[in-house]
Amino acid sequence: MKSNTFFSKLVPKESKFYPILRSMSDNIFVCSGLMLSLVQTEDKEQRKELYRQIKALETKGDAIVGHLFDELNNTFITPFDREDINALGEQLDNVLDSMNSAAKRIVMYQPSVLPPQTVALAEVLQQCCELLLGLVGELNAMKKNPTVVKRICKQLHALENQADDLYEHILIDIFAKETNAIDLIRIKEVVQEIERATDNADSVGKLIKVIVVKYA
Amino acid sequence: MKSNTFFSKLVPKESKFYPILRSMSDNIFVCSGLMLSLVQTEDKEQRKELYRQIKALETKGDAIVGHLFDELNNTFITPFDREDINALGEQLDNVLDSMNSAAKRIVMYQPSVLPPQTVALAEVLQQCCELLLGLVGELNAMKKNPTVVKRICKQLHALENQADDLYEHILIDIFAKETNAIDLIRIKEVVQEIERATDNADSVGKLIKVIVVKYA
Amino acid sequence: MKSNTFFSKLVPKESKFYPILRSMSDNIFVCSGLMLSLVQTEDKEQRKELYRQIKALETKGDAIVGHLFDELNNTFITPFDREDINALGEQLDNVLDSMNSAAKRIVMYQPSVLPPQTVALAEVLQQCCELLLGLVGELNAMKKNPTVVKRICKQLHALENQADDLYEHILIDIFAKETNAIDLIRIKEVVQEIERATDNADSVGKLIKVIVVKYA
């Protein structure tokens, strides 16, 4: 039997969306590791190379979102509302986008040295992305048992608060110490974008909480 | 009869969401008063103390949003779609978040003196938050009579435009007068965040307009 | 027969929403032409006059959004879900808002000269707005044949990437050359807002893709 018949469209192939979303969260997690390496080096060439790799993951992410969208258009029965699955893809993509944007700024602005706490911030971001792995991995069990998903969302929010505090301390420091305004802007914008990535990770959690409420 | 039985979940306890949302808007209104005091003082200790109070209200706000979410999960029949009530809670929380963020920046950056028009801007913000009180207070009558709700949304939008004009004048002023770039950034970021709080208040109005359209 | 009877409300006057949305996209396209002229002049008086015209279009846009909203409230049967049509109006309005905001900043900050690539960026923005014309013009055919709409959305996204690259090069340039921090901020904020307008145009495309998925 041919696989792309009318009937194959009707069969509830719930399972095919989960692997796509998982490949997104895998991609994001790998990217957060590169991000952490990037804030730990001051070498211009290394920075360029790491940005190149991050940019490649971002392009890959775009392709995955496109694939998800095509699948949504070719499937009659989806595990959640089509627009929720699509929104989830877009939201996950935002995490990747903000990491790419942070990396791009490091290469564009070439801050001579980033504040030491930036490493701690990138570590929190990596932990956020690890939670996203877990969160996406739990999606198929979410309707039956939302407890795990809710717990991970709470952890994501706690990490986002932690990132916020780190960001606050970094800013206090640079405004107290930095006397060159352009250097201050360079650092501020990079750190801001890393913090925004943790915000976007938290937004994935918030979106999933809304989906949980919808199917409760 | 025990109150948390299966039947108690079925009973349309519409009323329980309104008090929660009202406690949110009360919290926001109180916060806007502290915000106004904060932009009127240049004393470092007073600034710290006011920020401490604002931060406490923001933490309280987070707890209320969490409570709202739990109630949504424990109630079968809700006055509006679950996701709309949840979105409303999140959107209200954004108003609080941006006030907290403005306050935080005042303490982080310690601008020596804020432009005098900042007080006018904080007053407009307080008026916005007063309108939010009225808006949330009208939610239970919204389905039967959306006129009042629509009028308040229009007023919120008008105030947001007013805030925008004030913000514009403040920026023109500081770009014309300020010669120290770091001081310019300090002021700009604080004022920007207060203006964003009025934007977020207007977004609550926009969201409610969408909910009105949905149930029209 | 009087036209505003109960029955006239029931008749599926799908057609009335399309002209309103088309007048929005016309307005946006005209605005993008003014924007392009604005970044090509350094004359203060011309800048003021062009901003005045852009601001007038933005006010007109607000009125159209208000009109759309009123029609949604007075019509029982709509071609798409009410909230989707409303969201589309809001999203289109965001494109206009960011152009107005970019224009305002040029007049507020009066950067002595904008980087030459800013013209290329404003040209890309104009192309985005031309695509929006086409996109809105295809809405009524979207349910039967989503192919054209999907293709335009893809083109919008490609243009947004192009705008992103231009923005990146402009920033690299100003951070490498500009030594006056306040001038750097002036330029950066203007360019940023033009780039945000292309982002917002792309967001219209993303929203329409979600609507397509919903009715697929």
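Labels A, B and C are assigned to the chains in the order they are written; within every chain, residues are numbered from 1.
The working rule: contacts are C-beta pairs under 8 Å (C-beta built on N, C-alpha and C of every residue); 3 or more make two chains touch, one makes a residue touch a chain.
Just so you know, these numbers come straight off a predicted model, no measurement behind them.
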Cα superposition angle of subunit A on its copy subunit B, in degrees to the nearest 5: 120
Residue-number overlap at the subunit B/subunit C interface, same or different (half cut): different
Centre-to-centre distance between subunit C and subunit B (centres being mean Cα positions), rounded to whole Å: 27
For subunit A, residues that touch 2 or more chains besides their own: 181-182, 185
Sites on subunit B touched by subunit C in the complex: 168, 171-172, 175, 178-179, 181-182, 184-185, 206, 209-210, 212-214, 216
Subunit C partner contacts - residues on subunit A that touch it in the complex: 69, 72-73, 82-83, 86-87, 90, 104, 108-110, 180-182, 185-186
